[in-house]
Structure formats: C-alpha cells, structure tokens
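Before I ask anything, let me first share the structure, which is written out below as structure tokens.
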C-alpha cells in the first residue's frame, strides 16, 4: 500500500525528521487559506500515487496566497498518468542549496533492509543509479539490531556531507529506520533531503510503501488507504481477498495461484490472444470468493471470453465449481467460458458443472487455444 | 535503582498488565479518602524498598475507610528493617484463589534475560526455589528477538495454568518483557500474579530494579528515585560518581577500583580490623571527586583511621594527592591516615603529599596493618 | 533415494485442527506420510483423524512425546513466524511453511535467526514437498505425480502441479518435487535444492520453474554452470506481465529493470538450460536432453 | 610468545581525542605499542601525538587506510556498544573495551551478535592487556611488570596491578596479563584465557584473580581440572563483603547464595589451586608450586 507524500511526511515527522510546515487541501480555497497561514511563498504539490508529478506540472511554486489559489485550481483539475488529482499539499517553500537522496528498502538478495544515500538527490536519482551506481552509497541493516549510529555516520562521510550536519543527519537516518520498521514498510524514502539556505536539513519530499501483509497490526495506517485512486473492480477484489489487476485485452482470466495466473496470461498471448486481467483467487478459495471474482471479470465490457484455469491443491475443485454456479445464477451472461479443472476434488467439480454449458479443456494449452478462438468469435 | 511497588505496578499497567485499582497515600487521611473512592475492602501496603513487608506487619487488610485510616496511621509510623515507611499504597482488595510467580531477570551464565514462573507463587517463592527447584519454570529469552509468544504458552502449560487464562497470561508475559526491555531493567517481577475469585488474572504485587548504567536514556524513570530511603552519605557519594556503602567498622577506606576496595576490606579484617565503609572512587578520579570522598568518610563519627589505597592506572596518583590536600584544607581532622600510592604518576603524588603528615606504606599488607594499629590507638 | 523427505519422515502438523490443516493432514496421511502429531495451542489432549493423531499444546511437548523430525505449518499468517521459531527451537530438522501472507519483516527476522541454526526451512507461501510413492509434506495433490527420476523445484504452486501432471501424462516420474515458495524472503532457494538434486542418485534430470521478480533464477543459472552435471529444463512465468504491477506474490514485483522474465530466460539459456515456451512443453524438452 | 597481543599488533584507538584516550594512547605508544590510527567522529583528518597518529572519522576508513588489526575503546558508555559493533563490522580481530558503565542489555545484544562473528572482545570495564616488553593495549601501568613466564588473568583492575607489582618485586615476570573486566556480561571469560595460557609455550604458571558474583570462578575450576597442566594460584576478592550489597562492579552482586567468595575458594582448592589469603601472597604460592 502506497502512502501519499503528505501522509509519509506526517509519519516521518512523528519519528523526528524535520519536514516543511504545511497542510493538505482538497479545494483551491483551502489552499489559499493555508498559504495565508504560512505567510509567504508556498509550493502546491499534487497528491497522486505516481512518480513524475513535477515533470507533469503537478508541483508549482506560488509567491502569494492568490497565486496559490489559482495554481491549486489548475492542479486540482489535472490527471497525472491517468490518476485524477483530488488533493494538494501546500508546503512552505524551502530555499534549496543542495539535494540529497536517502531511502530504505528491502534487499531480497541479502535478505536485509538496506539504506541508500546519494549526494546527487532529486528527481533524476534513478538515472544516477543507472549511470553512476558508485554515487549511491549502500549499507545493509541487520534485521534484528537495526540501523547502527556508526552506519549513519559512515554514510554522511561517504556522501561528503559537511560535518556540521552529521548529528541531525544521524537523527534523520534513525528516524527513517524507525518509521520503516515500526510501520512494516517496504520502502521509506526522502528525496530530496535538502540543505536549506538557512543551512538546516529538511525532508522536502517523502514516500512510503507499506507491506500489505502486515497491515493487520497497523490499523491506523490501513485507514490512510486512498480508495479514490483505485479502480472500483480492484477495491471490490481486495474486499474478497482476490489479487486482481485490470488489463487491456478481452479474455478474462480466473486462476488459482499467481504463477499459474501469469502463465495463463503468457499462454493466451502465445496463442494470439490478449488477457483482460490478472486474477488470482488464491489458495482455498470459497464459493463466495469465486462468485465475486466472476462478477468482477464480467463487469468489464471488453470481455469476450473467460478462461477458468484451476489446479486444485488447497483450492478444491468442487468449491470453485459451486462458486461459478452461484455467480451464474445472479448474472445472466452470454460470454463463452472455457474451463480447465484438475487436482483436488476436480472430478466432483466437473460433475457439478456438467449442466452449465461450459467449454472444457484437458490441458492449459488446449484451454488457452479454445479461449482465444471463442474470443475471436470463432 | 529499585522502584517501589506502586511505581512498578504503574509501569506494568502501561504495558497492558492488569493491576488492582488503587493509589498511593502519604497520610492516613489520604488513605481513608482513597478507600472511600474504591468503595469497599482495601489493602494498605507500606512502600519501602525491602522484602518481607508482609511478615513485618506492613501489609494489612481494611474492611472500611475508617479502618483504612487507622491502619494507615499505624503503618506510616513503622520502620521496616531500618527503613521508615513514608508512603502507603491503598489497593482494592482482591479475592485470591491462586498465587502465581512470574519474573524476568538477567542470567549472566547464559548471557540472556530469563523468564521464570511458578504455580507456587507468593511470599515463600525463594524457599520454593531452594527446596523444589523443579517447580520454577525457566525460559531463556533471546536478547535480539525478545520473548516469543510460544514461550509464554509453554510456560502456561508447564505451570498447569487453566486454559481459559492462557491468552491473558500471554499478554501479561509480553507486557512484563516489554516493561523489562523498555526500562532497561535487571529485574521485573509479579509476585503474586493471582487468579481472583472472579476468575481473572491480576498483578497484585510488583517489583522492578533498573540498571543504573542505563538511566541516562530514561530520564522519566530516574525521577522516580526515592531519596528518602538512602543514607545522606550515599546520596552525596552518587552525586560525585563514587560507589559508597556504609558499614559498621572504624577504618575508613578510600580505594580506586571495586576489586581492590573489596580486597582492602578483606585484608583489614584479616589483620583484625573492621572497615567503616566500601568506597570505590572509580577510574580517572579527579581532585574534586577525591575531596568529596574524604568528606564523606570523615562524616562518619566512628572512623578512627583512614586507609588510602590507590594504584594508578586511569586514576593518576598526582590527582588523588591533590584531592586529599584540597579536602584537608577544608576539613580539620585528627584522624590518622595511612596511604599507599603506586602506579601511574604515583611518585609525583607522593611528592605532593610529602608535607601532609600521613603514614606511608609500600604494600597493601603493610598499609592494612598500620591502619589497624592506629585505629586501635597504637 | 529422494531429497528432504522420505519413509523416515516423522511429521508434525502445526495448526492441525484448522480447516486447511485438517484437510491436508488427512490427504498426507492417506498418501502414506507418517503423521505422528499435531499442535494447536489450547487443544492439547485431543485426537484427530479418527483418533489416530494426538494433538499437543506446543511443539516442544509434541516432539518430546513422538520424536517428530519434520514440521509442516498451516497456522494463520500473523502467527506463522512464531510457529517457525517454535519449531526451530524445538530442534526439528526440516520445517515446511505453507502459510501465505507472512509480513516480510517477520521473515527477515526468521531467516536471520535460522541462519545460525542447523535447520532447513522450506517456504513460506509454498506448496511443500512430494516424494511420489513415499511421502508427501504439503498440499501438492498426490495423484498427479508418479515415482521416477525427475527432480522438480519451483517458486510457484499450482503452476508446478500443471508440470507434474504433464510429466505423469507422458509416463515420466518424479524423485522429489520441492516448492520453495514465491515470497521475497524464504528459507530455501533454487541453489540449495539444485545442489541436493545433484547429490541424489535417484534424480537424473531436473525441472526448474521460476517467475518474474528477484534474481534467484540468474543465480541458479550460475550454479548450474558450475555444479550441475544433470540436464535441466526450465519455465519462467510472467513473460507478458506488465512491469511494476504487483502480481499476487509479493515476490513477483518487477523492480527497476531487474527481475524480468526475459533476463532470466537469457541467463538460463546461456548455460544450456532448455527453457519452455509454456509449461506443458517441459516433458518433451526433458526427453530431448536424455 | 604471548597471547592475544604482541609485536604484530597494529592498534586502533576509538575515542583517541578524549582525555583518557589521549593520555593512555601516549602511554601505550611510549611503551612501544604500534598505535597506527585513532578514531573520533568529526575529527577525521587531524593528527595526534605530535603528528604521529592519524585520526579518522570511522573505524572502517581507519582500517582501510592503516591495516589496523586490534582496537581499544575509550568512548563514553552510552556510545560504547555502537563502537564495539563498528569495530566488529570493520573486521578487527581483537577488540579491547576499557569503558565502564555500559548498560547490561546493550552488552547482551553485543555479545549475542559477536558470538556469530570471528572476533574476540576483551572487557568491557577492564584494564586491558599487557605483554611486558612487547605491547600494551590498555591502561595497566607498564612499569609494574617485567617479561616472564607467569600468565595473569583477572576480573579486577587495580587489584591486578597490585599482583603484577608484587610479582615484579620478587623478580617474577609475566607472559601476558589479561584483564577480562568485572561486568556481568563480557566478551572473554576465565576459561577462554586459561585455554590460551595452556597453549602458550612461554607461560609456565598462571594466576587467576576473581571476585564475588556469578560463577565464572567455579567454571574456571572445572576447566582447570579437565584441561590445565600448568600450576595455578588464585585470589578471590570480597571475602568479607556484606551479602546483597552492590559493590561498584555490576558483576559483584551476591545473588541468593550463589557467587559467594567462600564457594569460589572451595571450588578452586578442590582442584588443587592454591588460593591466597591476600594478593601479595601470590608470588610465594607460585614459587611453592614450581
């Protein structure tokens, strides 16, 4: 789960990281008022869960409350990479002398969190990482001991941070680690961390991604989820514990297991079709879950065929079959359906579906070929 | 640093451990008022930092506010093992069906904290440990991972705790561990943890000892220190970073290093004398520190001789000598002094003290024999 | 011979009285696995499977009473890391964790701890192990594989079943199938299992099933080049996955250019591994190699 | 020969610019110890000891630049555990921590971490090491001991000096003196050092100086019975300490009957160790044994 910039920075602040004064606004009028309170130059920042806001014109400097209002009006009308801007953050503008990058993420190859820093912070940090990887300093963090103070110091030295900032930089690094660990984050990033004209350190932009699997122990963080930015179908899917991603093709897929679901998409493409979605019903899917999955697939008007690919393990074939029948009683549809059902209780499942007028297949290849054929109206 | 029962229980409560309703009182009138608020039977408990309060009559049950007042009056007049009672805790009386012991301390032999529990809780737990050690369940705690939930469950099984209490017992064990770790404790103990007549778990008595070396990171806990119960000389000593314990003999000792200080006491006894104190001036003792140490020793009217035993290492002989001179300018005294000064800068120290009319010694044995002799008026 | 599990496996089931635990314990027992005990805190003293398997309150007591040497974990995600610690501290040699959705920071702590102990974890978020005809420790349907000389190792679950089934349909058998799971931090990786297959005399060829995300397949390719004398066929899922989209498995995130299916396929083909276009081609690729 | 330190020791001083650090670095250098670098965060680039020793901001950079293999720590207690981690992570083989007053929970974490690494910690709260005539890594006054064949190991500081001095007065020399420190959790215990003395050809007899608290002396007695062929003399401080009173060293707490001096003396005498009534008797006890 991604947090908005303003949410990330609020969390950072709780862990002692200095952030600019500012507040979030949903209307231009509010933005103007916040600008007045801050009494001077402000930055109006679109709050959307996607990178490249600045380059898209979603971050603008206002020199007066009136300008803040007019820029907020513009930005609140924008779509950035397909996402509508519904909120802006109004922050006191900082005088920026230098931009530093500081981030923590999990490094699966060493099975530890890793803290990364660079003196070349700012919007081009990914380009820096690609072209000059030596400019990115990396320190693995021991998962039981956490970030050590000496590591923060070593980083400060390695990025040539002037000595007068070491102490505060150490506090910021420790705070970022604490925010990361306490929130079960998979990413916590300050970019840029700036040295201001007043020679202080300030986290001007922030980003956090939380581990969905750990949200059960952070109810207060779960509530921060921004439902506005997700497709209705994805919200509905999460409600039922389904893993769903909408795609642009016309063959709906319902599969158990992420690997098999990806493979189903691969093989549809291999035989000349285009998948309409990724959908993993997970292990042990109940009839209710399957039924919801089918409704979600059918809510997409592009869908011309549906491929069911279920290999029973935890998931039982009979339950899946009952789910399909239940859904088909609610939803009348003419979309042709191809089903491949193998594994645990598959035989019983096939028996249940015998009267449901579905195209059956033995192998994955056969199922995909049939789905591609019916989608093309063959 | 020991915490009072009421302080320990407040900390426990902060970590989710159920404790009786109650408050601390400094007067009988307050005790009566608290008893009225609690509306029924209360226990009046003397708050002194020593064991055996109950057997000494310092814990009494009151059936009414009036009785609470009269018992508080009695208890607030008591001395328990030499310590005056200045406060009482007035707790709602619990109906006790069973008493359990639960404690955490450091086990130096395995270099880990250890959690211990027994179904035979209560005032005789030390006797249980001595006579029936198998009745004490022990689980080492990993210093980086902390207490695991399964360990708390294993303990609940091992002490035959009825199943309906496992969940709350797990919360209590986790809370005790958190209190222990977050406070840098060396002991955290609930004794007894009772099963009440209402079949709930309740921490009726609690005890915590904190690591003096870690108090710097717990200013709020440092403020809990009860200065009332310490001898003035010990408070004064701590102020100067001296390690001082008053004893009953007549030979004052000022030594650098705990091992050498203990040895000095041992050797005074070996030659027929009695030490008046343990005093370790520590490493790198400044003149100011030494001067304070001398004042503290001389404040004891029993002292008939003083043995200085300083072997320079971090501590420098010249600094010690200057400290003695400075102290002797403030305090006129006829108490004879024997000094043994060896090691770092010892020669310069001896030169500084040349005119100070002190008895010198080369070896520890010689120094002790001379001190014993002058203390006996020889 | 086989790897990791065999006739001597004495299995303990953590979370045995839950729906999934009970269902799959029944299946494992029916397959012939020696299920000696179950654990569900609070249900110690009960018996399940028509009085054939005793339930204990804790792993320690279960091991003391039954001599279990392997554990399989079906407990919910929020309790699963504690269950792994419990099994490791009770001295079990092999722990198979089926549970999916364990927080990644929990798994980093678990793995760091296990690395200092003499214990092997397979999973989490995996289908477990199957040594056809001998023992099943996991949820892989038993009837989709027959004994034989193909070692199978996979990050995926149901995709693996498809491969096993395709092998069976052409009469090819399996020595042991190991599902290592799709999570970013797990107990056993491709290299560990490839090394065991190389040592195992029963195994004559190997199937590796990977997916997008991470670089385990690339490291497996290096290992194959240096250490494997037996032929390997592979399949990589997610060749058409849109970059940056989360694909259900936490492990299947394509991050900044690394972890792409194309890179993995290239790395494997570079060390003479035949990579299938779709999983049902695996049997014919193997037959070509032998 | 000697143990732990010798002419090849390349010493790094953590906290070199503090009062104590600078004073004792001067003493160590004057004694002949090869002090190659110092570390004080924020003072990297400076030089101390009349421009002879460079100061670095971090241990890692100091080790890279100077090839230091041993570190001594003088930093304040609240930063000392971090300094130990830093030294261990920088790959030093031997870390000697002089600092006293480190919180005990810090030391439990440190020790747990170091146990998984190939590094030896001596201390904390210890006087360090002295190999007379060769190298001094610590605060033991150099002029109170001469080279010889007695190995000395002690939990105490200044008490040890007294023993060294008493040995020197009768002309007895020392192979290496190791102050292991008096804290309840430390890096090196009696057994570790006794084993090294047994292996060291230069050492012909051993002095052990213990004190009340814990049971390290009792375990040392067992070890002596099983592994030591060289004669051992001992002294235990705190024979007259009142029970339950804290004696300055956190380690010197007599807890519930264990840790008493009388028990330790009994344990040592039971394995034929001569225990002195007072420390200055040690030389004559040694002479009797040889």
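General observations
The first chain written gets the first letter, and so on, giving A, B, C and D; residue counts start at 1 in each chain.
In this section, a contact is a pair of C-beta atoms (placed from the backbone, for glycine too) under 8 Å apart; a residue touches a chain by one contact, two chains touch by 3 or more.
The structure presented is a predicted model; accordingly, all values stated were derived computationally and were not measured.
The chains touching chain C as well as chain D are A, B. For chain D, the chain with the farthest CA centroid is A.
Averaging Cα coordinates per chain places chain B and chain C 54 Å apart. Between the Cα centres of chain A and chain C there is a gap of 28 Å. One finds 54 Å separating the Cα centroids of chain A and chain B. The set of chain A residues that touch two or more partner chains comprises 142, 144-145.
For chain D, the set of residues that touch two or more other chains comprises 109, 113. Arrangement of the chains shown, judged by which pairs touch: an irregular graph that fits none of the line, ring, star or complete shapes.
Working note: touching chain pairs come out as A-B, A-C, A-D, B-C, B-D. Of all the residues in chain A, the ones that touch chain C in their complex are 106, 108-109, 111-113, 126, 129, 142-144, 181, 184, 186, 211, 213-214, 216-217, 243, 245, 247, 255-263, 265-267, 269-270, 275, 278, 280, 282-284, 310-315, 342-344, 363-365.
Partner chain B is touched in their complex by these residues of chain C: 41-42, 44, 57-61, 79, 82-83, 85-86, 89, 109, 113. For chain B in complex with chain A, the touching residues are 144-145.
Residue ranges of chain A in contact with chain D, taken from their complex: 142, 145, 148-150, 153-154, 157, 163, 166. Those residues of chain D that touch chain B in the complex are listed here as 19-20, 24, 27, 77-78, 98, 100-106, 108-109, 111-113, 127, 139-141, 144, 154-162, 165-166, 182, 184-185, 209, 211-212, 214-215, 235, 237-242, 245-252, 256, 277-280.
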